[in-house]
Amino acid sequence: MKVTVSRKAHFNAAHRLYRKDWTDIKNNEIFGKCANPHYHGHNYELIVHVKGEIDPITGYVMDMKVLKDLIKDEVEHRMDHKNLNEEVEEFSDLIPTAENIVIVIYNWLKPHLAKGHELTITLYETPRNYVTFSK
Amino acid sequence: MKVTVSRKAHFNAAHRLYRKDWTDIKNNEIFGKCANPHYHGHNYELIVHVKGEIDPITGYVMDMKVLKDLIKDEVEHRMDHKNLNEEVEEFSDLIPTAENIVIVIYNWLKPHLAKGHELTITLYETPRNYVTFSK
Amino acid sequence: MKVTVSRKAHFNAAHRLYRKDWTDIKNNEIFGKCANPHYHGHNYELIVHVKGEIDPITGYVMDMKVLKDLIKDEVEHRMDHKNLNEEVEEFSDLIPTAENIVIVIYNWLKPHLAKGHELTITLYETPRNYVTFSK
Amino acid sequence: MKVTVSRKAHFNAAHRLYRKDWTDIKNNEIFGKCANPHYHGHNYELIVHVKGEIDPITGYVMDMKVLKDLIKDEVEHRMDHKNLNEEVEEFSDLIPTAENIVIVIYNWLKPHLAKGHELTITLYETPRNYVTFSK
Amino acid sequence: MKVTVSRKAHFNAAHRLYRKDWTDIKNNEIFGKCANPHYHGHNYELIVHVKGEIDPITGYVMDMKVLKDLIKDEVEHRMDHKNLNEEVEEFSDLIPTAENIVIVIYNWLKPHLAKGHELTITLYETPRNYVTFSK
Amino acid sequence: MKVTVSRKAHFNAAHRLYRKDWTDIKNNEIFGKCANPHYHGHNYELIVHVKGEIDPITGYVMDMKVLKDLIKDEVEHRMDHKNLNEEVEEFSDLIPTAENIVIVIYNWLKPHLAKGHELTITLYETPRNYVTFSK
């Protein structure tokens, strides 16, 4: 009797997509306006999905307040109102595409879940573009 | 050639989360403000997903009008504008968490589907919290 | 140069619509299933609009963090996870229709705004029903 | 390390549901008002999901601009502001139900994806009815 | 103490924008793909706003169930799953642009409202285009 | 017979809120994490409302395609994927709060509208914060 519980959160951040080992021309060719050296930004909408057995005592897979606080501590605290390239260590050598961000968030949250809980992360970069990751 | 058809519906209900065999203090410790003895409530948004083969005659997996009416008869009729703890028999001994509600809805709908149709239920308790269940 | 700043918030609550001086039959006739004596509930979505001059020093009409905290203290604290009929004093003699709730919220917030700030309140009772009030 | 990237798009179209080999009475009995000979229409909301490995050079599964343009060329160009029954060849002998449309879209897009990329299509016919297909 | 109550509804319809007294070339020049002779269609989202005094007996400006039924009878019944050009008399000599539709809906609903009730109509033709009308 | 037509658009941008004539400490005290020197960003959702008479020939207040292109040329072109502080001249001496941005957008668009057309601008900085301006 496994149920998936999902919690939405959000954070605002600046980023740019570029490779340090490429010229500006090459970065612009591949990443277009996302390579703007002055950065741009997004309201990231995050959905964290945790699948597991219902605890017969509480009727919860996981207390949503605990999940909400976990997202706040592990994700929002590190990302909200930040420049991902400059201020989030994981992106010092990793391009902060939505694909890479979603894996970084997965790795931050997974160690805090109970054994047997399966994690999936969905991240909206814009209302029309989003990514999903689970192992 | 299996396609999943999904239909959204909603109902408003009151509930509280508590165990009769726990003290008020214990209930408050575990369920927080959700344990309020005077109840609180939600606009539940329900999505019913049915996966099956397309009927080559009609082009339908299942007539959406039939699914809409089934949800109305089996779910909305029992839940809408009700107090889940007091008025829905399934919750006389089961805590009406979103996790338990989604399984109860699954069990109400499943017997009415055609053989071979797979059922998944998604239930939003708030715009930021939702659960999903399938067998 | 007046601009309107708007902030969304939400709270979950239980209520019922009925008059103590009417019979159950009369209440049911007028308020239908909203009169259910066991209560039902909603996810109320609230939008608070404040219209005023932009402060040339800060570029703000009003600091949104201040407005967010004001809504939390004056509205969410009193309403969230509450039974409006039983636990909110203003509704001891006032039917908690969306129309009456929106005026109660207006009256809670207005005294805390700066002079010259105009207040409008929008309240969604369901995704399809909402009300708006300003003086 | 497979991630799913999803891109939303939309198109407006007219259609009707009916079988040429059935009488009007029979079509009306099975398809109801969807059989209206004068057509009706929808704002179709489309979500295209592509699952694949992240390219370690770019951090992309697939460049979203490329996916956006592919949807424009292969789907919007053929469907937007069209009458599906009269102007889209695939529906000359196939009823344009949401289930059949989603498979047609899948077949248009799949040949243009890289090997190893898995495709899933979601199509909203109305805000309350949608379908999903993958092989 | 005037409050505005708002109710959302929707209907699906086909239409085309063209003038009978213009050539196809001229219609195409002015209305673009909206002039397609085979029609296209939309999921119209309608919001009906009624502003009036709160009835001190019921706490209602207007019973939302009455407003819901009025919209069903006067608007949805005439528009839903219809071809606006061919099947709605008001558009036999009037181009069914969103601007004209919103005035037609206003004129259908206004005579059914109580004296002193002010009516505003909002109509979404697509999620990105909408119109609003009141007198 | 004035109708308001509204068109939604969006752009992504980076910004920070600070005064050059204040210390970092003072900026942080007033603008909090919005003052982050490394910038943060948003998906700005823009709604442009134009109120005017319906042209009896076309049934339009204003051709939505023209309005869409006007927003693209005058707003998106200047703002999308830009750093507002560094790359948009209007903000070289003006703090890019939502309140100031909405007035800048108003001033860009107004000269391009027909005489007698009234303009209102709504700008969402996040899904929960937005501003509205008209003269």
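A, B, C, D, E and F are the chain letters, set down in written order, and residue numbers restart from 1 in every chain.
To be clear about the criterion, contacts are C-beta pairs under 8 Å (C-beta built on N, C-alpha and C of every residue); 3 or more make two chains touch, one makes a residue touch a chain.
Every value quoted in this text rests on a predicted model; they were computed, and no experiment measured them.
Engineer: Identify the chains in contact with chain E as well as chain F, in label order.
Structural biologist: Shared contacts of chain E and chain F: C.
Engineer: So which pair out of A-F, B-C or E-F basically repeats C-E, with more than half the contacts the same?
Structural biologist: Checked against C-E: the matching pair is E-F.
Engineer: Chain B-chain C contact: same residues or different, taking over half shared as same?
Structural biologist: same
Engineer: Once you find the CA centre of chain D and the CA centre of chain F, what distance in Å lies between them?
Structural biologist: Computed value for the inter-centroid distance: 33 Å.
Engineer: List the centre-to-centre spacing of chain C and chain D in whole Å, with centres computed as mean CA coordinates.
Structural biologist: 41
Engineer: Can you compute the centre-to-centre distance for chain A and chain B, using the mean CA position of each chain? Integer Å is fine.
Structural biologist: Distance between chain centres: 29 Å.
Engineer: Can you tell me which residues of chain B touch two or more of the remaining chains?
Structural biologist: 127
Engineer: Can you identify all of the chain pairs that touch?
Structural biologist: A-B, A-D, A-F, B-C, B-D, C-E, C-F, D-E, E-F
Engineer: If you look only at chain A, which of its residues touch chain B in the complex?
Structural biologist: Residues 1-9, 49, 54, 57-61, 64-65.
Engineer: Considering only the defined contacts, which chain B positions touch chain C in the complex?
Structural biologist: Against chain C, chain B makes touches at 10, 12-15, 33-34, 36, 38-43, 45, 80-83, 86-87, 126-127.
Engineer: In the complex of these two chains, what residues of chain A are touching chain D?
Structural biologist: Residues in contact with chain D: 17, 19, 30-32, 94-100, 102-103, 127-133.
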